[in-house]
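Just below sit the structures, each encoded as structure tokens.
What follows is chain A paired twice: with chain B in the first complex and chain C in the second.
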Partner chain A sequence: MIELQLISGLVSAAILFLLASGLSLIFGVCHVLNLAHGAFFLLATFLAYMVTSQLAVTEFDFWIALILVPLAVAGVGAVAEITLFRRLYGANILLQVLPTIALIFIISDLVRFFWGLEPLAVPTPTGFNFPIELFGVFFPSYYAVVVVAGALVALLIWFLVYKTDWGLLIRAVSQDRDMARALGVKANRIFTSVFALGTGLAGVGGVLFAPIGGANLGTDMDAVIEAFAVVVVGGLGSVWGSAVAALLIGMLKAFGILIVPQFALAFVFGLMAIVLVIRPTGLFGARE
Partner chain B sequence: MKFFKSLALAGMTASMIAGGTASAETLKIGLISAKSGVFAIFGTSGEKGAMLAAEEINAAGGVLGRKIELITSDSKSRPEEASRLFREAVAQGATVVLGVIGSGETQAVSTLAREQKVPFFTGLGYSRFLTEEAGHRYFLRIITNSSAYYGPMVERLLKDGHKRYCTINNDFAFGRDLNESVMADLKKGNPQVEVLPGCEFWVPLGTTDFSTYLTALLSKKPDIVMFGGLVGPSGRAFVAQANQFGLFQRMAGAHPALGWPANAVGLREQDIPKRTIITGSDYPYPPPKTEDSERFFAAFKKRWNEDPVSEAAHGYATIQFIKKAFEKAGKVDREAFIDATAGLDIVHPSLGAMKMRGFDNQSTAGVWVGYLGWSKQYNRPAMEDVIFVPGEKYLPTEEQVKKLRSK
Partner chain C sequence: MNARVEQMTQGGAAAASRRTLYVLAAVSILLLAIPVFGYQPLIINATDTLILALLVLSLNLLVGYGGMISMGHAAFFATGGYTAGLLAKFVDTPFLVAFAAGPLAAAILAAIIGALCVRLTHAYFIMLTLAFAQLVYTVIWKWRGLTGGDDGLIGFSPPTFLLNNTVYYYFALAVVTACIYALYRICESPFGRTLTAIRDNPDRATFIGVNVRAKQWTAFIIAGFFAGVAGVLQAYFHRGMFVNAAHFITSADALVILLLGGSRWFVGPLIGAVVFKILFISIPTITVYWPLFIGLVILAVALFMPDGLAKFGDILRPKAIVRERKRA
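Moving on, here comes the complex of A and B:
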């Protein structure tokens, strides 16, 4: 049943895109590799649990979480940029990596402290907790929400980056930071806002993922590894690259699992290796 | 990255004396637990069970006039870390070591225990091969051997008559070992049993998104899916998502250890299909209604203000067993201790009376088998229609152990 596998591949792709686009955006503009990106995703899954369990009385608990949590995560991201990452721009890559690893531990220990060790289940939003029949089998309707949300976020990013003044400034800063500054662009403010947007996207991904996978410690590392694979294939800094690579990897996983399950995961990293050999900057990465 | 991680976490071993001040000489027991990483729930609970036992023993006068001193540490669910901590515990004077750590970690530490001739118990390594192919004089196990864990489930599945199987498991030592053993025994019991082509799935530890696997499973249309090697967050996520896909309306399920409270944690009442998933547990909910079980439950709840899970009971029973063995040996000596363990019996809180088999250092612990269900009283996943199956019958004989170890 190829259709069914296609849909589950799209679901994987949507989550991967939400993760990778933020990581890529931050790298493209700020030139730091935020290894703690998965930690923001982890934080979002637990915040989604908190909001939905506090608001269990209303039917809109999930949708409220989908708005509040990414904003909160973006806030944490902005604070992290101002206090930590801002000091790392221009430093060499190793110096950048160490503090981001520290941030992974800080966030995951805070999550442990507040929510404990046990995996937590996040309810499927009211109205989407029934299966729809598709090609003779049942498919959870919530997965459609994830796919649509992924597509909407892609549109939103496109709009922000290419159709707004802020997007123009972002593109200017990412192309030539010093020139932009010389022309009066407040680069620091741009960096903070890009960081907030990037981590906020991880937040959206986390909330959307929570009803599927729940909130579990450990998802931070899995998430950042997968996001990293997507970003490498798509090209560091390219949001479109992330979208294409997320689709490619999502489908590769889905059909790999259907056809040769024992190698399905190797395919993803195989693809990464091939892309790195043929096009070291990724499919859509800027040439050096 | 691993390098930085171990750097940052080096030297985080702590030493504590349970229940009061130390007398002149203490009996030091190393207690390595996986308190973070994939096995965090198991290790944390196991440590609490062991600490409770040590406190009770110390309050009653200790062992051979000495107080128990636990040298506790966190393995981070990583074999290389567990090995390092084992060396450290021994260097600090631990006479025996208990590791509430996974099979991979246990295997690494077991090799070291053999080299250093230090008795080592596992509180979480269930894999059959640990006491069989890889077994030796210095490795001991109170907890159930995976053969005795899945054996009763296999019998039940053969009786139910499923033939066309799909399997999905976490890709690690225990998952591989369990899948191979379960499927081999099913085929031995009924030659018509087959794993459908291309329907053997392996997922990384910690996987929580199963949508692509679930659609693939639905496409292959097996009679039953065996997912016994999905542990930690994976088992829970698989069941919850499978139920959303209506998977268990189309096929049965089998998981020898989903009745493990720590494996099922996070499952909600609506995630659990009614009487569809055959499972087992060494600490079923509701807890067995025996005096020992109820006493342990109450003491653990009072001490830690949480419900115990399997590893808590194992940590507790293992420390009790260690005490009993030292008393039988009459002195604090590693070789005398191991000699004393042979044939020694103990009452485990949830698994009842068991005996240590001298020839492979495996206890005769059994398992509870039944359907995965829900307990309203405890408000957590539970088991229905449970029966207790003693382990002895499923364990290899002395000759078989000799043969396996000589390979």
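Moving on, here comes the complex of A and C:
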């Protein structure tokens, strides 16, 4: 029993990490708190439904969705940055927050327009619909796909941010955008690409989540609230903080369900309150 | 300012205060006259608008004056309404006691949540207020036995004389006017000025000896209290409290109204509330895609009219001051 909770804890940790790291990156570099992050996640679950149902004849429908959908979501994120957020950098904070709320309204209403109100099921990818055994318990083999994908993406982000020239520019712009600009960094391109990367990560999370949770209106708020909890516990702007906090919160959710099924989220909020009192900037956040 | 401008400003100020007086008189007459024709939909919507206006104005103490973007104001609105409703339904509490208990409960909740939320900067404040409000929403939604879950809390009503819509309208008008006056005095008091100073430069405020966290916390409690008053008015008016009162959309709508009306202007939110309510009633008769519509309105206002309708508020100000300000 405990092993099974451990594994489902890892699964939600992987998805939480994908959500929270994107949110954290966008905030760290662009200083925009993207309340619509959950809406991008929601959009990805429905796009995953669309791609898999259109391509159901092939065996690779899910894997095609896993590549195409995050790209499409990243495209939407890039367009939003270029047409909208770029004009609001430096504006007062109400003017920065409300457009992200507007995006929540617009995206969820468009989803309702195209796919209706009913929850939609997304099939488990072909080849992963059997249970596998580990430590004497059986669990869906698809869970392993999610956990491995989450770990791979974490490595990929680390590589992108710390080992590439582009990552160097990102870190420069996030530390001091004016100085970076003065040195000839095209900061606007960095902002657009970070927005695309962050929303694309939400897209990967959405596609991976779809076979487990389906495509459901309303996941947008749940997703963004849980991402906030991760970011608050881990520290805003720290990708490593997001990883550790996602693991903590994923486990808390999985084991909390055993104790009080109705209010598993209460444990998450309890942890959040404790961290805030003891270490207000989060476990890995920079001190103010 | 040189002497000439000062002279102009004084003359202008007298004219402006006369204009303000005319506008106030006209608005009072209009508000008092609304139920005269006995047209029920108008009375009901007008009452709802009054309640909405109070909710938004209480939020503006945080947003406009304190520079704190609370994404969870619905939690206090709902707490006020549900507390009064639960007391009236299960404990058979007298009307006035239940009416007072709602805002108090909202203020207590605000004291607890606020203590955690004012510890950090903008981004954390937004995330935490939203997260805690969502927690309140989840508790109300899932605790069916107590709150009725998504069926709503029904089975209580105000004293018989308030069952008439017209009478309730005047009751709400009296309560809301009193609360608006109280909030106006708070905003204009040294405490309100201190909040504005914190908004504009928290470091400087700290240097001159202001306890920034304590002031922000106090503002959070006051705002929660008045949101609770709005909640109780709502509960007794509809003789029920429904879980969407605590939903994120209620908080978001309040912020949208602040954007529409302009948050740096005391009456901006009131005008925003009226405009929003008119849109909210008329647009769904044209299209079912209300969220899409209001989303596009938000984007348009944010990009092209960042001051909201407050720009038109300059009519009420002395011309010289407006001109001075434009030059600056």
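The definition used in the following text is that the second predicted complex is superposed on the first by the 279 of 288 C-alpha atoms of A that agree within 3 Å, B and C clash if a C-alpha of one lies under 4 Å from a C-alpha of the other, contacts with A are read in each partner's own complex, and residues count from 1 in each chain.
What we mean here is this: a residue touches a chain if its C-beta (ideal position, glycine included) is under 8 Å from a C-beta of that chain, and two chains touch if they have at least 3 such contacts.
What you see is a predicted model, and the numbers here were worked out from it, not measured in a lab.
**Student:** Record, for the superposition on chain A, whether partners chain B and chain C clash or fit.
**Tutor:** clash
**Student:** Is A:V277 touching anything from chain B or chain C once the two structures are fitted on A? First, second, both or neither.
**Tutor:** second
**Student:** With the two complexes superposed on chain A, say which partner A:A172 touches: chain B (first), chain C (second), both, or neither.
**Tutor:** Touch partners of A:A172: none, neither chain B nor chain C.
**Student:** What is the contact status of A:F105 with respect to chain B (first) and chain C (second): first, second, both, or neither?
**Tutor:** Both: A:F105 reaches chain B and chain C.
**Student:** Does the superposition put A:F269 against chain B (first), chain C (second), both, or neither?
**Tutor:** After superposition on chain A, A:F269 lies in contact with chain C alone.
**Student:** Is A:L236 touching anything from chain B or chain C once the two structures are fitted on A? First, second, both or neither.
**Tutor:** In the superposition, A:L236 contacts chain C only.
**Student:** Going by the contact definition given at the top, which residues of chain A touch chain B in one complex and chain C in the other?
**Tutor:** 35, 98, 101-102, 105, 221, 262, 265
**Student:** Sort out for me which residues of chain A touch chain B in the complex.
**Tutor:** 1, 4-5, 7-9, 11-12, 15, 35, 98, 101-102, 105, 112, 117-121, 123-124, 129, 131, 137-140, 142-143, 209, 212-214, 216-219, 221-222, 253-254, 257-262, 265
**Student:** Which residues, counting only chain C, touch chain A once they are in their complex?
**Tutor:** Going by the criterion above, the answer is residues 63, 67, 69, 71, 116, 119-124, 126-128, 130-132, 134-135, 138-139, 142, 248, 252, 255-256, 258-259, 263, 289, 291-292, 294-296, 298-299, 302-303, 306.
**Student:** Within the complex, which stretch of chain B touches chain A?
**Tutor:** Residue list for chain B touching chain A: 1, 4-5, 8, 36-38, 40-41, 44, 198-204, 206-209, 211-216, 218-219, 232-233, 236-237, 240-241, 244-246, 250, 265-268, 271.
**Student:** If we count contacts the way the header does, which residues on chain A are in touch with chain C in the complex?
**Tutor:** Its residues touching chain C are 27, 33, 35, 84, 87-88, 91, 93-95, 97-99, 101-106, 108-110, 113, 221, 224-225, 228-229, 231-232, 236, 262-263, 265-266, 269, 272-273, 276-277, 280-281, 288.
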